[in-house]
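Here chain A shows up in two complexes: once beside chain B, once beside chain C.
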Partner chain A sequence: MSAIAAKAGADAGAFQPVPSIIALVLAIIVIAVGFVLGVGQTLCLIVLGAALIAFGVHFVPVGGAPAAMGQAPGIATGVPMLAAGAGLAGLFGGAWAAELGLAVALAGGAIGGALMMAITCLMVNMSYVFGMGIPPASGKIEKDPLTGYTQPEFKSQGTEGHGLPFISYVGGVIGGLLGGLGGTLIYLELLAFYEAVMPAADAVGLAGILAVAMFLVIAVLAAYNITGTIEGPHDPKFKRFPRAIIAAILASALCGILALLLMVLA
Partner chain B sequence: MQEIIIGIGVTALAGALAAVAGAAEDTESNIGSQGDPNSQVQLAPQMGYTHRIYNKAVSGEPPAYTLWVTLACGVAWAFLMMGMNAILAIVLGTVLATIVQGVYATTAYLGRTASLSKFGQPVFTDVLKSVTTVTMGHAFVAIFTTVVICYLLATVIGHPFSLPLLGIVWGLALGAAGSATGNPYYGKERQYQNQKFGAGVPISASGNIVRYAEAGQRSSIDNGFFTAKFGGPASGLCFGLIVFFELWRTVLFEHYLAGWGAVIAGAVIIIIFMVIDRYVEKWARENYGPYTEA
Partner chain C sequence: MSVKVEASHGGIPHGKIAAAGIIIALVSLYIAVIGHEVLGFDYFAFFGGIAAIGALIWGNSAIKRLCSYGIGAGVPSAGMLAFGSGLFGMFLGIAIGAMTSVWIIPVAVLVIALITGVILGWIANTVLNMKIPVMIQSLAELAAVGALTTLGLRTVAIGGLELEAGFVFVAVGFIAVAFMLGAIALQHPFNACLGPGETQDRTNMLVIECGFLSMIIMAVISFVAVSAVAGWISLIIAIIGWAVSYKKYIALSKRDAAAWLDAKPFVDAEEE
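Then we have the complex of A and B:
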């Protein structure tokens, strides 16, 4: 079944209070355990980084397989992979600037992720416009809220749109910004924690690999919430983000406490 | 000053290597038919269109290239730690990663194509023999150039990440850039050359990919020949720009305003790209016009 055929049910994206409350209670218990072990503050910031990543993934316009045939708007690749590509490019910049202080490193990570998305999204539109003669058009909205461009008449027959209208482009840049920021925050918190107990070179390696791993966990979780494709902040699926943030809080609390316990128990 | 000049040189070299890597990655994935457009290669026999197109979607391009580049970086790093010459270590790492790519390509083609036997799709052993080595050749170029970038970042620029960790970051970015830019050109423009130019493929046409060439049946190698004229260079430009600007803004501007210089330079570059994108969209709407009346 293609991503287009897999239409979500009427309430597939609806907020479900009972599982959400259970997830939040479990996350609070894990964080409380973290405070008992003396790693609570670090754990809280890791959870914050994960929440930023989960929120950011929802901004990234991803069209998957239908976008590769010009059948749907977005970037023609998978949600978690594109988000991870941007987030890790941000992490690269943030890690590089780590010695310049927390604020510069966080900003460097955010800008690194946004820069990767800005270039990728531009090349996607260049490819559609100059390689295939197709103008960008959204399938989810009548009018681009940023440019005021009407969309339906620029959608070719039998498709749900194609390319990246400007709102999707901006969404991609914001997604990269939040992903890079969240990934760098997780990395810096883990790095500060590990540097206190092991040689700097080992701490960088361990913090780096765990930050990458945590990024992938959160990006995949958010992708499950999106189910297939999303056009960006104007897509109705964007409203599902609170559910992904709650899931990310629980998942990152668990992953985070395990990453920190490596050292507390060692 | 000397540090900045060396940094600029490495930035230029890394940008150029990244452009080659992106172009080779996209051409490799199109010849082997990996990534999202392969959904149509897999779908075609189910719709009654048997073909001789290679079918090796091991996984999405980003995780596949993460694996191959990281593997090459890891092996090269181990050899470097043993005191081996850097070029030899990188070549040996890349050779091993390319062999792994070849094994994955072979098992993916056999497995995926055999699963279509109930729809009458044969497994062509001559396709396996002729195409696998071509994808491996392109994969070698893509992996080698990316590992060299990672090596330059780890040793000359002095990035804190170790070589394998840089392999994860830039392998994933390579696959993401290559698949984002190159996939539509292979998926829409090449697989559906029988559809109208300047419009997306109607959903009702899904699976009806072009299967015949000027003489005989279409070969996957011809797909690489076609996409190497636009999709490949565009992917190369995309990955090249990402690597170049990421390094350039840091190398040149990190020394200003206690590090904020690099952040501001990055923000300015992003705004410039946004303006260019806005112009491209405006140009397309003005020149191509609407398909139908609103």
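Then we have the complex of A and C:
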């Protein structure tokens, strides 16, 4: 591909109506098959959890390599690593509370994920401010929508901003909250399904690893949607989230039906 | 987003590496099945590790091909996606094998994982608008690699491919270890070697080294589930394989390096 075609590809934010409708129709067919096999409700909740994960990933401020050099805002690593960290922390939190009922477990998962992201964001900002000596400043907005603090005066020349402004911090916590909630929902649904047919230890292991696997699939697809870095909910790239949710619905319906077929077949 | 940057000019084409990887993986898995089903012992468990290494070489070539387009999410994301999507194929293939015959497990795993990967690749390319020409093929290949690698490492740990023997693998959580060991062995080599001076034989040697390193851990774990003799065979083969491939990798790194300095610790200065 030539560089001109690559420039056209850089406008990857456009919504794709035809493939999206095809994807939704396919997902509905898969869910219908699930209802025929008698696992429809479980599958629907798995899809809901995946949609929450895909939405949550877009909140997380991801800076990548430029952030590590203080040239872009966000946490200095890739989307899959951060989303996996937040989501898996939430998943473990929720799994730990699985015996205490659905509501407590879901809340535990959500708070686990949010706490993980809050600690990460705080320590990242500490190392930016006190270690690298740079003030948090966004490059995408004039004023922080929550605090109203102005940004451009603090932005170094030649950078896209640096550090974690308050809105990015809040975005990270919301992202962790949604990711943990979605991951825990998937885990609890798979666990309830497997526990009915196999010993508890096997069910926990199988549901745990398949929830992790599904989380990683959804998080990486969401990362492909973001294509690199995002500052948080105020970033223009945030508006791409509907595509990621549609992608997550089909991907999780597919992975979910495979995970449920395991026991329907056996 | 889709500018192709050619990694390692020349070298063996991807098709040949992929074919060799599939053949190594499937043949090794079937040797393990023959050992367990026909001959009735689990000494061939280490062939699972060879299968994993064959699949990893294939996967590394696929990752190199996919990431030469700049996917924007980093090389590790491809490894995570490969194993995340491959796991479903692996479990379903084993469940199908439990219903029919253990002989169809490797092929069933391969086919289901390929189908999963094709659908995920289609989602990434059209719904997410990534428009990378090799996306669908690469994600299909990576899902198959993830499934075959996990299946291979599972074979090292439990000695066979059956569903019944595998419950300990899942319930104790060995599957999580195999998942991460495989994912890191898949994503690390190209991530570590990429750049203008990347050469194919050096990257492949690092794949083999990472594969044997993962196999060492699985061989240690395998003492829980397999006979002691089989465990020792796997462990010794893994350690020898790792030592040889590590030595070769260092030699290849010295060959490709502009300069090589064997740094010495400051012992002399301390003593004076």
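Note that in this section the second predicted complex is superposed on the first by the 255 of 266 C-alpha atoms of A that agree within 3 Å, B and C clash if a C-alpha of one lies under 4 Å from a C-alpha of the other, contacts with A are read in each partner's own complex, and residues count from 1 in each chain.
What we mean here is this: a contact is a pair of C-beta atoms (placed from the backbone, for glycine too) under 8 Å apart; a residue touches a chain by one contact, two chains touch by 3 or more.
These numbers were taken from a predicted model, which means no experiment stands behind them.
Student: Between chain B and chain C, positioned on chain A by superposition, is the outcome a clash or a fit?
Tutor: Clash: chain B and chain C overlap once superposed on chain A.
Student: Who does A:V212 touch here: chain B (first), chain C (second), both, or neither?
Tutor: Both chain B and chain C are touched by A:V212.
Student: When the two structures are overlaid on chain A, which partner does A:L262 contact: first (chain B), second (chain C), both, or neither?
Tutor: In the superposition, A:L262 touches chain C alone.
Student: I'd like to know which partner A:I29 touches here: chain B for first, chain C for second, both or neither.
Tutor: Touch partners of A:I29: none, neither chain B nor chain C.
Student: Which partner chains sit in contact with A:A223 here, chain B, chain C, both or neither? Use first/second/both/neither.
Tutor: A:A223 contacts chain C only, not chain B.
Student: Tell me the contact category for A:L254 with respect to chain B and chain C: first, second, both or neither.
Tutor: In the superposition, A:L254 contacts chain C only.
Student: Using the superposition on chain A described above, determine whether A:A67 touches chain B (first), chain C (second), both, or neither.
Tutor: After superposing on A, A:A67 lies in contact with chain B but is clear of chain C.
Student: Between chain B and chain C, pick out the one touching the greater number of residues of chain A.
Tutor: In the superposed model, B touches more residues of chain A.
Student: Once chain A of both complexes is superposed, is A:A244 in touch with chain B (first), chain C (second), both, or neither?
Tutor: A:A244 sits against chain C, while chain B stays out of touch.
Student: Thinking of the overlay built on chain A, is A:V197 touched by chain B (first), by chain C (second), by both, or by neither?
Tutor: The answer is neither, since A:V197 touches no partner chain.
Student: Across the two complexes, what residues of chain A are contacted by chain B and by chain C?
Tutor: Residues common to the chain A contacts of chain C and of chain B are 64, 78, 81, 84, 201, 204-205, 208-209, 212, listed in rising order.
Student: Help me check something: in the complex, which residues belonging to chain C touch chain A?
Tutor: Result: residues 1-4, 71-74, 76-78, 80-81, 83-85, 87-89, 91-92, 95-96, 98-99, 112, 116, 119-120, 123-124, 126-131, 133, 163, 167, 170-173, 175-176, 179 of chain C touch chain A.
Student: Give every residue of chain A touching chain C within the complex, in rising order.
Tutor: For chain A paired with chain C, touching residues are 1, 3, 5-6, 9-10, 12, 14, 16, 19-20, 22-23, 64, 78-81, 84, 199, 201-202, 204-206, 208-210, 212-217, 219-221, 223-228, 243-244, 246-247, 250-251, 254-255, 258-259, 261-262, 265-266.
Student: Report the residues of chain B in contact with chain A in the complex, numbered from low to high.
Tutor: That would be residues 35-37, 39-40, 43, 60-63, 159-162, 165-166, 168-170, 172-173, 175-177, 179-189, 191-192, 197-206, 230-231, 234-235, 237-238, 241-242, 245-246, 249-250, 254, 258-260, 262-263, 266-267, 269-270, 273-274, 276-278, 280-281, 283-285, 288, 290-294 of chain B.
Student: Going by the contact rule set out above, which residues of chain A touch chain B in the complex?
Tutor: Residues in contact with chain B: 2, 4, 64-71, 75-78, 81-82, 84-86, 88-89, 91-93, 95-98, 100-101, 104, 107-108, 111-112, 114-116, 118-136, 147, 149-150, 152-162, 164-166, 169-170, 173, 201, 204-205, 208-209, 212.
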